[in-house]
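What follows is a pair of complexes built around chain A, which joins chain B in one and chain C in the other.
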Partner chain A sequence: MKLRFNREEMADALRSICAVAAARTPKPILRCVHLEAKSDVLLLSATDLEVSVRCSVTQIEVDQAGEAVVVADTLSRIVSECNDELLSLELADNQVHIRGAGSHFQVVTMDAKEFPAVPAMVDTPDIAIPGKILKRMIEWTLFAAAKESTRYAINGVLWELNGKELILAATDGRRLSLSRGELETNGNDTSFKIIVPSKAMNLLARLPGDGDQPIGAKMTGSQLLLSVGTATIGTALVEGNFPKYEDVIPKDCDRVMEMKTDEFLGALRRAALLTNEESKGVKLSLSDGNLTLSSRAPEQGEATVSISVKYKGESLEIGFNPVFLTDVLRVTDAESLTMSFKDSNRPGLIKQGDAFTYVVMPVNLASA
Partner chain B sequence: MDGGGKHLSTLFLDMNAYFASVEQQEQPSFRGRPTAVVPTITDNTCCIAVSYEARPYGIRTGTSVREAKQRCPKLCIALARPELYVQYHHRIVETVENCLHIHGVHSVDEMSCRLMHNERDVDTAMNIAKKIKASVHREIGAFVRCSIGLASNRFLAKVASNMQKPNGLVVLEPHELPQRLYELALDDLPGIGRSMLRRLQREGIGTMRQLCALTSDDMSRIWHSVEGERFWYFLHGYDLADIPTHRRTVGHSHVLPPKWRTREGAYAVLIRLIHKAATRLRDLGYWTGKLSLTVEVLPHTKWREWIRLGLCQDTLSILEGFYKIWPACPQGKPYCVGMRLSDLVSESSTTQPLFHGERNRVTLSHTMDRINTLFGRHSVYFGGMFGAQSTAPTRISFTSIPDFNQQV
Partner chain C sequence: MPLADVLYQTDAHRQVQLAISQGRLAHAYIFHGPDGVGKEMFARALAQLLLCDQPVEAALDQPTASDMNTIQQGCGVCQECVAVTNDSHPDIHSIYRQLIREHPDAALRKRKALELGVDVIRHFIVDKASFTPLRGKIKVFIVREADRITVAAQNALLKTLEEPPGATHIILLATDLSRLLPTTLSRCQVLSFNPLPNAFVRQTLSATQPELSPGHADWCARIAGGSIGTATVACTDDQYNINAKLIDQLVSLDAQSSSGISRAWIEESKSMSSKFRQRDPDISDSEASRRGLRLLIKFAATWYSDILHLLTNDDDGLINTTKKTQLQKASQRMQIDHAINAIRRCSLAEYHLQRNANTQLSIETLVNDLARLNTGKQAISAA
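Our next item is the complex of A and B:
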C-alpha cells in the first residue's frame, strides 16, 4: 500500500474513527483503524464490536492499493500534529511509514486479517431524514440519556418510527427529553421502535457533513445502519424495554410561565453558585410576572435572583437541580420558552412547539 | 476562629471502657472482675472492649481472646450486645442533655458540649461536669463511668478527657498551655497515629515539647496539608469552627463463619449486608450511585468489583446491581465479604424519580423499613436473604455513631 492524502480530510475522518476505536480493551485490534486503499479512495474502519464506523478519504493519490491496521489514536495524533498539506503513507515490512516535509513516522501494524468485519450500507436505506433535522433531534435528546445505569434500556436513545414521523426519546430516570421530526422518505413504510446506544448517537451527531445531506437508516437484523454521505455507522441495538415515556408527560399543567431563554439560563447559573453537595436544589418562586430563584448552601450563604416572566396565576414554589434545567436551556435555540407546572411535587414541562418536549422532576424542597 | 480570648468553651465526655462497663452494669457477677467483650464466642477473635480490672493483666482492646485467657484465666467473657450499647447510648445522651446541650455526638461513647458564656469560668464549668457525672451515675448506673475534659476547644477537651481514666475530670486552662501537655506522648493526641508518628520522627520531633515548639507553617509542611495548620491552632488552644462534612459511603463487611464459607453462603450474606446498608442509606437520607463489592477467597485472592447504579435508594435496585456483578466473583472458598455504597447524594439534592415503577420501589423499601421497625427485624425482606437473616449481626465501631435504625 502506498498513497498520498490530504492531511485535513484525513484528520477529520480519523476523529470519527477515534470516537469508535476502543481506548481500553483487552483486544488490541479494537484500538486500531483498518485502512484500505483502492484506486480512488481510502476506506477507514473502526469498531468496538458494538458500534462501527466506515468512512472514506477521497483527496488521495494511490500508487499501490492494499490494506493495513494501525492503532487509531497514534495515527490520528500524527496526522493532527503535522502541518503539511499532503502526507504520504506506505506499508513496508509490517510498518506504516508516514512522511511529511522533514517528518518520518514508522508505526507498527497489526494483522489486517484479524480485523473484525465492519458493515457497509450496501442497499438503499429504508428511510432518509434531513441531516440538519436529525442532528438537531439528537442534540435535543442525547444529553438526557442515562450514563452507565444498571437499567441498560435507558443508556440509549429510543427511536420510534411511525409513518413519516420519527420520535427520539431519552431519559435518565429523572427527566425525559423528546423530539419529533419528519422523514424525507420512508420507502417501505417501515416502522420500528428501537434503542440506539448513546455512543452511536454521539458519533452520528459529530460526523462531519453538510447539514442538508440526508441521513439514511436501515435495519439489518439486530443492527441499525446509518449513512451520512460516504460514511456508514453500524450499531448493535440496546436490548430491553424503554420506559413508557408517554405516561410521564404531564397533561394537566395549568401554571404556565413564559420566559426569555437567555435570562432564565443566566439567572439559573447565578443562583446555582450557592449550592453544594448537601443542597443542590434551586428554588423557583413564581408569582404574577416574576420568577425568583433562590439557593442556600449551609455554611456558605444564600443567593436570590429575580427575573421578569410572563405568568399570571397562583404562586408556586418548586425546586430543581439546576443542572437539569441548564442542560436543556443550552440545547434549545428558541428565544423564549414556556415552562408549565401543576404542583411543587409534580414534574415541570418545557416545550418548544411540538418538536421538543422536556419533562423534569423536582427536588424535594421539604427535605432541604 | 475565636482566638482573641482563649477560654474554656468545650466539655468533652468519654465513657470509660464503654461496652465492658455496660456489661458489668447489666451482669452483677462481672462487677469488680476482669471482663472482656468479644464479638463471637471463640478463642480465635480479639477483645473489643476490656474493663479496667483486666488491664493490669496486660489485656487491651485488640488482644486475642486466647492470649487474654492465658494472661487471666478468671477473665469474664461477655458476648457483645450492640443493641444494648445503643440503648445505653441513647439513655446517656438524654441524661447529659438534661444537664447541658450536646453539641455533637462523635461515637457511641463520645460526645461534646459547648459552654455558654456564663459557664466558662473554671468553677462553673467544673460544677457542670460534676453534675453530669452524678447524673450518669444516678440515671445510668454506678458501673458506667465517664471521664470529662474541659478546654478551650474540642480537640484539647478530648485530650483532657483521656488524661485521667477512669472516672476523671481534667481541666486544661488556656494559661496552662502548652506546658500541661508536655507530660503526654505524641500519640496521645487525636490525629497522631503510627504513620504520622513516623513522619514526625523523620523531622526529629519525638516529644510533645518539640511538637508544641513548631510553627503553624512547620506543621502544614509536615502534615502535607492545611490540616497541619489546623492542628497547630487546636494544640495552642484556638477554637476553630468545624468543617462541614459530607458522608461519602455506607457499607458493611463480614468475616464469614465457617459454615457460610461457600459461594452460596457468601452470596446470601452479601444480600443481607445490602439490605442492612440500604436501610441505613434511607435512614440517613441519602441516595447512592455506585455499589462496590469485595470478596476475599481463600487462600489469597481478593476480588473487587463495582457497578454504577444510576441514582437509587431502594433495596431492589441495589440488589439488581449486585446480581449483575456477582457472577464474576471467582470460585473458591470465600472468607470475608464486604459491600459499599458510594457516590452518595443527600435527599435534599436528589431529583425525584420520574417513572412510577421506580417511585413504587422507593415506596416499597420505605414501607418495608416501617414494617421492620414496628414488628421487629426481618419481618419482611427480599427472598435472596432467606436463611442468612441472623448472619452479620450489627456491630458498633468505636468511631461510628449509632445513627441507624437497628431493625435490619
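Our next item is the complex of A and C:
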C-alpha cells in the first residue's frame, strides 16, 4: 500500500473514526482503524463491536492498493499535528510509514485479517431523510434517554417509521421527549420500530456533513445502517420493548401558558440556584399573566423569581425538577413556547408545533 | 475446540444435549467443578454449537462407559465456528475480574482486581446484554471465577440472569457454590463437572512436558486431584521437590527441630509467593505467602493421610508413591489416631490461615503439635 493524501480531509475522517474506535478494550484490534486503499478512494473503518463507522477519503493519489491496520488514536494525532498539505503513507515490513516535509513516522501495524468485518451500505438505503431534520430530531430527543437504567429498553432512542413519518422518542421514566419528521423517500415502503443506542445517535449527530444532504437508513439483519455523505454508521440495536409513549402524553391539559423561551430559561436557572438534592425542586405558581418560580434549599435559603407570561384561568401551583425543564429549553429553537397543565399532580406538556412534544412529571412539593 | 473433545464429562454432555434436543436450553448456567477440568472449554464449545450455522452430529468417543454415542456440535468449518476458534467472535463475551483495567472510568482502572466487582458486571455484562447480537443469532457471556463475584455484583446481575434480553446465554464458571447467593443459584441451572481420572491427568502432563520423570508426573497428577490446571501449576512451580524437602523435614521432626522447621516453612512460602504473584499480580504479598503456607500444610496433611492409608492397608489411594520406604518407616512409628489427629491439626491450621490468623504463630504451633504427635504425645491444640 502506497499513497498520498490531503491532510485536512484525512484529519476530518479520522476524527469520526476516533469517536468509535475503542480507547480501552480487552481486544487491542478494536483500538485500530482499518485502512483500505483502492484505485481512487481510501476507505477507513473502525468498530467497537457495538457501533461501527466507515469513511472515505477521496483527495488521494494511490500508487499501490492494499490494506493496513494501525492504532486509530496514534494515526489521528500524527495527521492532525502535521501541518503539510499533503502526507504520504506507505506500508513496508509490517510498519506504516507516514512522511511529510521533514518528518517521518513509523507506526506498527496489526494483522488486517483479524480486523472484524465492518458493514457497508451496499445497496441504496431504504429511506432517506433530510439531514437537517434528522439532526434536529436527535437533538430534541437524545438528551432525555436514560443513561444507565436497568430497564435497558429505555437506554436508547426509539425510531418508529410509518409510511413517510418518522417518530423519535426517548424517556428516562420521569420525562419523555418525542419528535416527528417527514421522510424524503421511503423506497420499499419500509416500516420498523427499533431502539437505537445513544452512542450511535451521538455519533450521527456529530458527523460532519452539510444539513441539506439526506441521511439514508436501512435495516440489515440485526443492524441499522445509516449513511451520511460518504460515511456509513452501523449499529447494533437495543433489545426489548419501548414503553407505549402514546399513553404517557396527556390529552386533557386545559391550562395553557405561553412564554418567551429565553426569559423562562433565565428565570428557571436563577430559581434553581437555591435547590439541592434534598429540596424537591422549583415551584411554579401561575396566576393571570404572571409566573412566579420559587425554591427553597434547607439551610441555604430561598429564591423567588417572577416573569410575565400569557396565561388566563385559575391559579395553579406545580413543582418540577428544574433540570428537566432547562434541558428542554436549551434544545428548542422557538422564540416562544407553550406549556400546558391539568393539575398540580399531573404531568406538564411542552410543545413546539407538531414536531416536538415533551412530557415531564411534576414533583410533589407538599412536604417541602 | 468442538464439544466432543471435552472428555470425562458425560453428565454435562448428557444434560446439555437433552436440553438442546428438547429446545429447553437454559439462559443461565453454572458450570460447577474443580479448576482445570474443562469447564471453560465446555462453555466455549457450547457457544460454538449455539452460534454454528450448520451443527453436525459427532461421535462421542468417551473413555468411560456412556449410553450416549453421538452428540450435536459445531461444524468447525463455517465462518462462525472459525471465529469462535480464533477467539474473535464478537458475540462471545469473556468476563474476568481483570477486565476492570479496561473500564471507561479511570479511577476504577487503578483498583486491584481481587474480586469480580459490580463495575465489571454492570459495564461488561448488564449493559452489553441489552444489545442485539452482532453476527450470530445469540450472544454468550462466559464468566470466569464466578465464585469471586462480590455480593453487590451478584445483586446487580440478578435481573439479567433471570430474564436476559433477547437470545442471551450466561454461563458462570465456579469452583465453590457456597460463595454464590441463593438468589443467584436459584436463577441458574447447575451443571456439575467431575475431577478427571489421575491416569488421564498424568498422560496429559507427560504429553505436554515429556522431560518429566514418570514418578514426578504421577505425583503431580495425584496431588492435583483430577485437575489438569492444578497439575500443570504443580509441575511449573516444582512442587514435587518442595514436597520432597518437606517430607524429609516431617520425618526428622521432633521437639528440638520444630522451631527450625517452622522457620524454614515460612521462608519457603515467601519464595513460593513470588510465583503466585507472577501468575496473579493482583493478590497482595501476604495473601501470596499465605497461599504458599496453605500449600505446604496441604502437603503435610497429604503425608499423614498417606501414613493413614498404609496403616489401614489401603495402598491405592497413596499420593506420595515415590516415597514408599520413608512412608513405611514413619507408619511403623505412628498409631492410627495420631495420624488422624495430625490431619485434623493441619486442617485447623489451614482454617486459621484462611481467617487471617497470625501466620508465624499458626505455623509454629502447628509444627510444634506435629512434632508431639510424631513422638507419640498428644497435640496441645486439638481440632
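To be clear about the criterion, the second predicted complex is superposed on the first by the 365 of 368 C-alpha atoms of A that agree within 3 Å, B and C clash if a C-alpha of one lies under 4 Å from a C-alpha of the other, contacts with A are read in each partner's own complex, and residues count from 1 in each chain.
The definition used in the following text is that a contact is a pair of C-beta atoms (placed from the backbone, for glycine too) under 8 Å apart; a residue touches a chain by one contact, two chains touch by 3 or more.
As the structure is a prediction and not an experimental result, all values here were calculated from the model.
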Superposed partners chain B and chain C on chain A - clash or fit: clash
First, second, both or neither for A:Thr150, with chain B first and chain C second: both
Chain A residues touched by each partner, larger count belonging to chain B or chain C: B
Touched partner set for A:Lys135, first chain B, second chain C, both or neither: neither
Contacts of A:Pro197 with chain B and chain C, given as first, second, both or neither: second
First (chain B), second (chain C), both or neither touched by A:His34: neither
Partner chain in contact with A:Asp172 - chain B first, chain C second, else both or neither: first
Partner chain(s) touched by A:Ser222 [first = chain B, second = chain C, both, neither]: second
Touching partner for A:Glu239 - first (chain B), second (chain C), both, neither: second
Partner chain(s) touched by A:Pro116 [first = chain B, second = chain C, both, neither]: second
Chain B and chain C contact sites that coincide on chain A, given as residue numbers: 148, 150
For the chain B and chain A complex, residues of the former touching the latter: 244, 246, 285, 307-311, 317, 320-321, 324, 345-358
Chain C partner contacts - residues on chain A that touch it in the complex: 23-27, 49-50, 114, 116, 148, 150, 152-153, 155, 197, 222-223, 236-240
Residue numbers on chain A that touch chain B, as the complex places them: 146-151, 154, 171-176, 243-244, 247-248, 275, 277-281, 298-299, 320-321, 324, 345, 347, 359-365, 367-368
Residues on chain C engaged by chain A in the complex (per definition of touch): 86, 88, 90, 94, 99, 101-104, 109, 122, 126-134, 159, 165-166
